[in-house]
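Once you scroll down, you'll see the structures, which are given as structure tokens.
In the two complexes below, chain A is the common chain; its partner is chain B in one and chain C in the other.
On to the complex of A and B.
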């Protein structure tokens, strides 16, 4: 437990260390979210889009992107880089294995990103766009749990993609594909309700909706009561399934490692 | 000139020596193109027009902006690493020792044909959008596209040079350059759809609208931008000129780390 907390603290500290980077990350998220919100809110000029009126649509678009950015991280690049540079050799002697270390580090980083990027950008977005806070206190609790589960899912998807470095050498191209899948199929750039029905059917059997769509529908209180717990259960299911996949993947990757001296 | 071409040839050869990495770059550009188009199509599945702009017209704006960004990355990719490697890392020392222009040296050092796929994809999306919007593309229009893409490249390169050169005074690792490049996301948004303060920002201080919606308005006739779109290459040249001025002033502030 203690090494895990240390890794999480380290992840969060890295996110805090470079002040300019903190500002840049926030401005960067703000730029994308202004573009996205402008387009979708203009689309709602003539009436609700996919059943969402302007305030709900604006809030969904803003929350979905900010959560996706905070919990998405770049675990795949981090893992791929460790393999490419050979830093993986020292990872093998740590008191935690790479999977647990990467996940703990990612959770710390995600928490810092939520505080440093998502919260201030959401507050600033209120100046120009119709965004609304949840009306019920319980929604905040559900949202917090949902974002935590989203971070676990996001970190493990990244870890699995990063493990491909053991086969491909570099993961730059695959990382692009993963980012595209997250942007398009998680609700981050296109609300899931606004996707064509066939794509929605595909999204229903993929883990990406756990990253942005679920936290956003909970925050907008579009889903409440037992249904909300059902969504949290879905996120937990993906978190566990991916945990198993990561364990298998890491066991496979370790068999492929050859360390040539020190 | 011959010396520059020989140098460029060596750079391109070196870049292609790693085919997997080059291929990854191509995949990345095409994926970005696919995502941008998918978002526009998903949006327009629910509406006929967005503040007067049809799907085809927005795709035209998007294609022009992406083509300009890809051209900038191919020719001015050095701007993305200028701060970390040259200003903070001290690689500028060896550049300054040579008789050739230092800015040109850094840019040629990082010239990369990979992003040109993004340029092809951008132009393809522009052509598709023009077909959807019913805009006929004759010789004059094709020449205008070439002019607008060159103007767009000059504009983006100018803004990014300014941001990178600020690093001579306020040390940064180049994150400000990446941030500014991200501003290109605004280029395809109809200006009426943006909050007024943001519309003002992307048409004046960081005029990225001049790489997308403004030149697209020249083809579609959207007022008032159709009337000023012809001046886009001039805006590009002005931005490039400003970037060069800030670069030259900044260069005098450069303190070597002792390479």
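On to the complex of A and C.
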């Protein structure tokens, strides 16, 4: 087995390990999605919101949240904890690169989350909310690629935030900040179309839309054809840019590692 | 060049002492003091394949820092380290493939994975072929007896079980250099003995270089052919145990149980006959403290010349006493 695959498998295994966590994660995602979808669908009672009619709007908010939760992960907590407790020492004596390892692990975890949370919650929502599946087969392919790219972006944002644990000791504060940014600026809570224009301009230059907005518009087939590939290109651009940032950040951090005591 | 070579190894740390109380904490928010601590101050060390070296030193002497620099975890602030010609820090990934590391104080396994899963993962990380991995694991199981809890999550293991698993994990990929920081912590007597025998065997038969730190000096006595004492970030002694004994200059002690009351006059005669101190221990017993390197023959002859004795015992200074004397001197 290749190390990357092993790390992905580890991430997935972790996600399956705690029975209660599986249930709680699914239930809390369901609760948020029910509330959020109800709100937006009610808002669409008097006509389309930001150009989206009820089924498209409902599908967008459900898919956006579920993908954001699945690919958002908690890489920053994982990385921060390793620095804080000194567990980083055991990572460094293995022939693995913490950035690549964290990313591979996160991809495995995200895949497991899609399977354990996103799919069942979407299915339950389908029972009594106006949500729709894509009509074209190719959309599934685009969506799969988009979610994978979203996971790469999400994992690396988390990794960078985690590296801040070096300067800060604890990562909790910035982790909250990151979560808030994801909720508000990725499309996870508020569709990007519905944000004030000024905020939309801000969102356009930030990586967060790659986490939820892009997969959601592809899933709802709001964007198709060459434009869809443009969106995937945007996600890939952020994935690469963040890759570079993570490499730099990790190189910087390695020189400053201090493992106290024993 | 030696297999492992450190030259003038230095490492400094910046400490930020905290002020006291709430007010102190608030003041520390806006920049506090900084002190620079020299943990390693020019360590020189050479180890060849198949050598077993015990790293000794008082708490805070720089043992663990040395191990971390050799493992590639810490970047030295001065001097050079080479292991098999590589710079451990700069070429970390290639370097750690050839070494096994055990920090007895913390586990390197994954907390919520079963032991077997963790081993599978490590075999994948090191790219060990499956058959070779299984064979190695069987050998380690025979020594460490870990087969019984292969399916137990690491967090549910007892300390002894965990250390044994960690030891197996450090050896799974067949390293050429073993760095062991407190390897027998938490192990019971039998397992300790087995682990020590295994380490000796590993060095002798496979040519693995073993470097261990321990506060259990029996580990060092039974495993290591060579002792390196680190104190104040420098090498204070490098040689074998008997050389260390000679250097410290603690002599042997002859314990005599006469089995009859001993007169002070007898003691005076014995004291005059041998270069050493005679100390009365009870009405019937006394001890002769010999000088460093003195044989016990003259003392024994003098003792029996004053009449029969019930029992006689020649005691070597314990390694603990030798090491304590060495540290005391470094102060």
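Assume the second predicted complex is superposed on the first by the 258 of 262 C-alpha atoms of A that agree within 3 Å, B and C clash if a C-alpha of one lies under 4 Å from a C-alpha of the other, contacts with A are read in each partner's own complex, and residues count from 1 in each chain.
Quick note on the criterion: a residue touches a chain if its C-beta (ideal position, glycine included) is under 8 Å from a C-beta of that chain, and two chains touch if they have at least 3 such contacts.
No experiment lies behind these values; they were computed from the predicted model shown.
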Chain B or chain C, by number of chain A residues touched: B
Chain B versus chain C as contact partner of A:204, first or second or both or neither: neither
First (chain B), second (chain C), both or neither touched by A:257: second
Partner chain(s) touched by A:39 [first = chain B, second = chain C, both, neither]: first
Touched partner set for A:133, first chain B, second chain C, both or neither: neither
First, second, both or neither for A:189, with chain B first and chain C second: first
Partner chain(s) touched by A:95 [first = chain B, second = chain C, both, neither]: second
Partner chain(s) touched by A:180 [first = chain B, second = chain C, both, neither]: first
Chain A positions touched by chain B in one structure and by chain C in the second: 18
Interfacial residue positions of chain C with respect to chain A in the complex: 13, 64, 68, 71-75, 92-94, 96-97, 99, 101, 103, 105-108, 110, 112-113, 117, 120-122, 124-127, 181-182
Residues of chain A touching chain C in the complex: 1-3, 5-6, 9-10, 13-14, 17-18, 86-87, 89-90, 92-97, 254-255, 257-259, 261-262
Contact footprint of chain B on chain A as seen in their complex: 18, 20-21, 24, 27-28, 31-32, 34-35, 38-43, 45-46, 49-50, 128-129, 168-170, 172-173, 176-177, 179-180, 183-184, 189-190, 194-196
Contact set on chain B toward chain A in their complex: 20-21, 23-25, 27-28, 31-32, 34-35, 38-39, 42-43, 45-47, 50-51, 172-173, 175-176, 178-179, 182-183, 185-186, 189-190, 192-195, 197-198
